[in-house]
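Both of the next two complexes hold chain A, though its partner changes from chain B to chain C.
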Partner chain A sequence: MTLELIVLLVKGYLIFTVVVLVIYVVRHYTLTLARVFLPSREAYQDWACMATPTVTVLVPMHNEERVCLGVLQSLERSSFDKTKLQVIPVNDRSTDRTAKIIDSFAKYHAWCQPFHRKEGKGGKPAAMKDAMPLVTGEVVILFDADYLPGVGLLDSLVAPFMDPEIGLVMGRVVPHNGSRNLLTRLLEIERSGGYQTNQQARWRLGLVPQFGGTVGGIRRSALETAGGWDDGMLAEDTDLTYRLLALGWKVAYINRAECYEEVVETWIDRRKQLRRWAMGHMQACMRHLWILLRNPDLGRWEKIDGVLLLVVYFVPPLTFIAWFASAFLLMVRPDLFPPAIGVMLGVIVFFSIGNFGTFYEISVALALDGLGKRQRLLPFIGGTYVASLFLVSEALLRLIWNRIRGKSHIVWDKTPRYRR
Partner chain B sequence: MPTDKALPRGRILMHRSIRHVQVQPWRLTFWLTVALIGTVALVWYSVPLVHGYRFMVNSLLQWTGIPFEAGKGEMLSHIWIPNWNIGTFNPVVSPRGFWTYGLVIVLGQILIWRASWIPLPLAAWIAAILLVLLLAILILHWRPEPILTPLAFSVLWGKVTIGTVLIYPCLWALLVGILPLPISRVAFWGCAALVFFLAWNIVRLAFFLALARWAGVVWLPIGIVFGGTLPDCLVLITAFAFVMEKVGPLWDELA
Partner chain C sequence: MTPFMSVIMLGGLACGMGLILLMPAIFEWLRPKDAQPIAIDNTWSRNDTVFAQNFRRLAGSWWGISAHVNSPHVGISAGQIVDTPVLAQNLTTGPDVWLKKEVWTRENLILGSNNQARALLSDGFADLGSGCAVERWVHAEQSVSLGQDTVVNARVTSCEHIHLERGCQTQLLYAPTIEWSGQSLPIPIDVPSHVRRWFRRRKISEAGRSWDVPRFGTLDETVFVNGDLILDNEADVDFSLVVRGNLYIRKGALIAGNLKAHGDLVVENSAVIGSLTCKGRLVVGAGSSIQGCLMGGSLVWLGDGVIIGRPDFLQAVSGQCVILTGKGVVHGRIHAVTKLIEVQR
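== the complex of A and B ==
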């Protein structure tokens, strides 16, 4: 009797997982086909270089001596009107030569006004929160310290703010060290799928592109209305996206606004990074899911897409458990497995297409990007997929453990830099 | 005569951010028709195909020196699924076997995450396999009479294989046929993937049956969870990658 009950529960769980995964499969295919076949939506490019608002660029830096000069020099070369530009390198308690480097740069550039933070809470949102009183621009643009913005990037990112509905703008991130090793190549193609296909399709379909917290801009008035940065969040970008959505602001994604970044080069660093993203995203989900569902300003599809984006990091643990649930059923009741050809084919379609959805998205993105040779790495994504199942599940367990212990503070792991 | 070489150029490449493809419904119609014909042909020739499949598995088992008995098999709609009865054993019936397996798995699980020289994806795959193995030994210690025997395993394997083969042509047509790819390339890699899939499938089935014979019945769940649809999917992805690798401009080039 007990076994029958367990089998029933496991079956129910598997059916639920299949339903969730099918929803995500449909999402993957819809976005991929929309990206491939629909012409691009108006991306405000024609408005670039027209009457522009004043802009403040925030570049949070914590021990960034290897890369900090690169981002400042790139901003120096920007075509954006320097009389309307303020750049604040936020030196967040650095113990290396970061402070010296940015101070010596600022000596010769009036638009560069460093902010040195000697103490306080760790993490990017906390540093940006402390720097906000210095901000004078109507629009705040964010770059991580390892980014290398191109000449026209600021103009492209600022142009959408001419639209009064736009509160957040996101650009495209392109790795510059993609050829370094297998990991960087895999991350390069993942980024390609994420931006070229996923973000662009969501923007094209009028859904909810995600603000990624870098290569992006925020309307300062919107940020202030939303209550500013929350230093308790690990994924301040996701948190901000949903806080601004709740207030009725729209998010724009500009696929043309490409900026080079440095992706992590070791698996250990990748592990820390993915864990941080997963924990932050889950934290944001717990905070915003209910608010999003009750938001009257969003359309039905925007809500559905917003929910799918919010809960996306819960899918790997769900799948992970489903593997063991199906192994359990196989061992105790193999006769339960597809008795008729119809169900059988359904299961096969799910497994084949379900597993294939992400690969399809990435492959199409690589074709659009003209990265033919990188297609050969697609099977390797299978390896990283299993790794992400482990890491995201681990992140969920850590989050639950922190909650049980009543520990709200989460340690921020800084991403190391590799530039030679 | 213009001296600037850029001037006579009539074609301007579209920036990658705005590239897209024109929908060509005839492509999808064509490939879906071909796929349906292919599926019908597979069903039509299912008897010789299944017998060929059984012959290959038998040959591999004989080659590895494993004694086996052919089972009665099962019917899946009108298609007969062969199965194999292999002598196996449950290595975790005794407390000694259970604890030995258990300790090795737990130790392996700890070591795999501590060894920083093992790439993360490889560590994750090994760890996942060890976890399923752990589940298998717990269940087989709790219920020593195995339900997932080589006979049941091979029937299940056959069902999944037949289902995959039958759905494969339409799946391929839907994925690749919709994109403007060269017909010869789509056809070649589509057929190559199917042939490779079957050959690889035969090798894997024989391997897992051999594993059940030599190492015990605890390894069979791993065969289904990690040796079944996941490697099948990787075959499909690899073939898809080869098709997409040499693709020309997918997009409308002229701005």
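== the complex of A and C ==
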């Protein structure tokens, strides 16, 4: 009787997993087709240079001596009106030469006003929270220290804020060290799929583009109304996206607001980064899922997309557990499985439609970017998918373990820099 | 053959086939052919004179940057077809001339009626007669004047002033001052006297307001309204508004804030200091003055006497299709994203 109940539960779990996977496959295809066939939405680029509120750029820096000057020099070249610009390099407890470098830069640039944080909680949101009293701009733009904003980028990111409904604006991240090794090349094509296809399609469909916490802007009044930065969150960007959505603001994605970044170059760093993202995302999911579902101001499709975005990091552990569940079922009730021909058909259907959703998304992005030859690397993405399956599942276990131990604070793993 | 050997052989075959499938990937990994970072240009979308600039560079390579112009004044008589690029100090054409290649005048350019051209660049002014058709673009360092029913397929730009007569069509206009003279028409949308409003929640009471705006969920300076909204005559608003329905602003209103409507947005003879955005039709009635950018989801309709922006504070008007009626002025850019800017006949 007990075994039958367990079998029933496992069957239910497997059916649920299949349904979830099918939903994500449909989502991938829908977004890919929408990216290709739907016309573009509001032309906020038309407003660039014409609508200029005051802007504060926050650049959190923790031991960034290799890269901090690069981002400041890039901002110096920006075409944005410097009389309306305030740049705050947030030196977050650096122990290297970061403070010295930004201070010497600020000496010759009045718009650059460094903030030195000597103590306090670690992590980007905590640093930005402490820097907020210094912010004077109506719009806050964020860059990580390894970013290299182009000449017209600030104008492009600021323009959508003239639309009073826009609370957050997200630009596109483009790796500049993609050619370094196989990992960086795979991350580069993953970014292409994520921004050129996924984010852009969600924007075109009027869904919920995600604010990524860098190469993006926030309406300061919206941030303050939402309660400012939460330094307890690992994924402060996702948290902010959903907090502002709950208050009625929208997120704009500007595909042409492109900015170079540095992707991680080693698998160990990638592991740490992915784990941090996954834990942060799951943390945000637990906080916002119910609020999102009850939000009366969001449309049905916005809610569906918001939920799918919020729970996306739960899919790998779900799949991972499903493998074991299938194996268990195969051992205890082999009669439940279809004959070999059924299995083969299932595998063929899965590999020809289901499994390729993500690949189509990336392929379309690469084609739109004019980088067709990079598609040859796509088979390796399958490998990174399997790796991320384990890493994200591990992140979930860590999160659960932290909760069991009552440990609310999660350690922030800083992403290393590689610039030579 | 033992079952074990069979499994080994099948496994080997599968691995071999997998390896064949991976060959392109492995080659691209070991000998990259496409590994350069994606090129980024953040400025292209705001460079309205990009075609003219590129042509100037290109023409420089054809003729030399400081090309000596032998003929100070070139005249092309009626009905001629010119199939070479033209570089002249001044150029005047008669009617029905076909300029098959680009034209660059170092001073002024005057085209007669019903001319056809590919692209026109003038370092002085450019004056196009009625019924002209330009395949690509027109740019002048001084003013550009388009005669009646002239069509420029891509864009018309000027560093000073553009004037359009009725029936002109193009896709993008950019100049510190853009003026048009078209037929004056009443606004194409009827403004209702009453609208439906509803609230999901009300957070702020309305005491002390001279106008009747249902408010809910204020977020600092932005007020979100569910349903349609009419701002009555003489309304005085000093914050931004997001209306999840249609927004009608009656005559004499003064708005200092950005406005957005999820439906249509109609402004009747009012002043707005801020941007106007809507997902439906954006109609700016006669005599309105807007100091901000305009963006309509479908049609943008500008009435008689409308003034958008200032010469020292350029603004942008964009929509799928832009209709200009009566006489009005836009300081900045007008952009029809998919269809046309047309001056009402």
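A few points about this structure:
One rule holds in what follows: the second predicted complex is superposed on the first by the 403 of 420 C-alpha atoms of A that agree within 3 Å, B and C clash if a C-alpha of one lies under 4 Å from a C-alpha of the other, contacts with A are read in each partner's own complex, and residues count from 1 in each chain.
Note that contacts are C-beta pairs under 8 Å (C-beta built on N, C-alpha and C of every residue); 3 or more make two chains touch, one makes a residue touch a chain.
What you see is a predicted model, and the numbers here were worked out from it, not measured in a lab.
Bringing the complexes onto one copy of chain A puts chain B in a clash with chain C. After overlaying the two complexes on the shared chain, residue contacts for A:Phe380 are found with chain B and with chain C alike. Looking at the shared chain after the overlay, A:Asp369 reaches both chain B and chain C. Of the two partner chains, neither chain B nor chain C is touched by A:Arg287. Once the two complexes are overlaid on the shared chain, A:Arg417 sits clear of chain B and of chain C alike. In the superposition on chain A, contact of A:Glu258 is made with both chain B and chain C.
In the overlay built on the shared chain, the residue A:Leu38 is in contact with chain B alone; chain C does not reach it. In the superposition on chain A, A:Leu153 makes contact with chain C only, while chain B stays out of contact range.
In the superposition on chain A, A:Arg333 contacts chain B only, with no contact to chain C. Here chain B runs into chain C after the superposition, and of 22-30, 58-66 or 130-138 the stretch doing so is 58-66.
For the contact definition in use here, the residues of chain A common to its chain B contact set and its chain C contact set are 39-40, 43, 182, 256, 258, 369, 372-373, 376-380.
Chain B makes touch with chain A in their complex at residues 15-23, 76-77, 116, 119-125, 127-128, 131-132, 135-136, 139-140, 143, 146-148, 152-153, 156, 159-160, 162-164, 166-168, 171, 175, 178-179, 221, 224-225, 229-230, 232-234, 236-238, 240-242, 244-247, 250-251. Those residues of chain C whose C-beta lies close enough to touch chain A in the complex are 21-22, 24-25, 27-29, 32-38, 40-46, 200-201, 217, 219-222, 224, 240-242, 257-260, 274-275, 277, 292-293, 295, 297, 309, 314-316, 318, 332-333, 335, 337-338.
Chain A contributes residues 33, 35-40, 43, 172, 182, 196, 200, 255-256, 258, 267-268, 270-271, 323-324, 326-328, 330-334, 337-338, 340-341, 344-345, 347-349, 351-353, 355-356, 359-360, 363-364, 366-370, 372-373, 375-384, 386-387, 389-390 to its touches with chain B in the complex.
Touching chain C in their complex are the following residues of chain A: 39-40, 42-51, 79, 150-153, 155-156, 162-165, 174-179, 182, 185, 188, 192, 221-222, 224-225, 247-249, 256-260, 296-297, 369, 371-374, 376-380.
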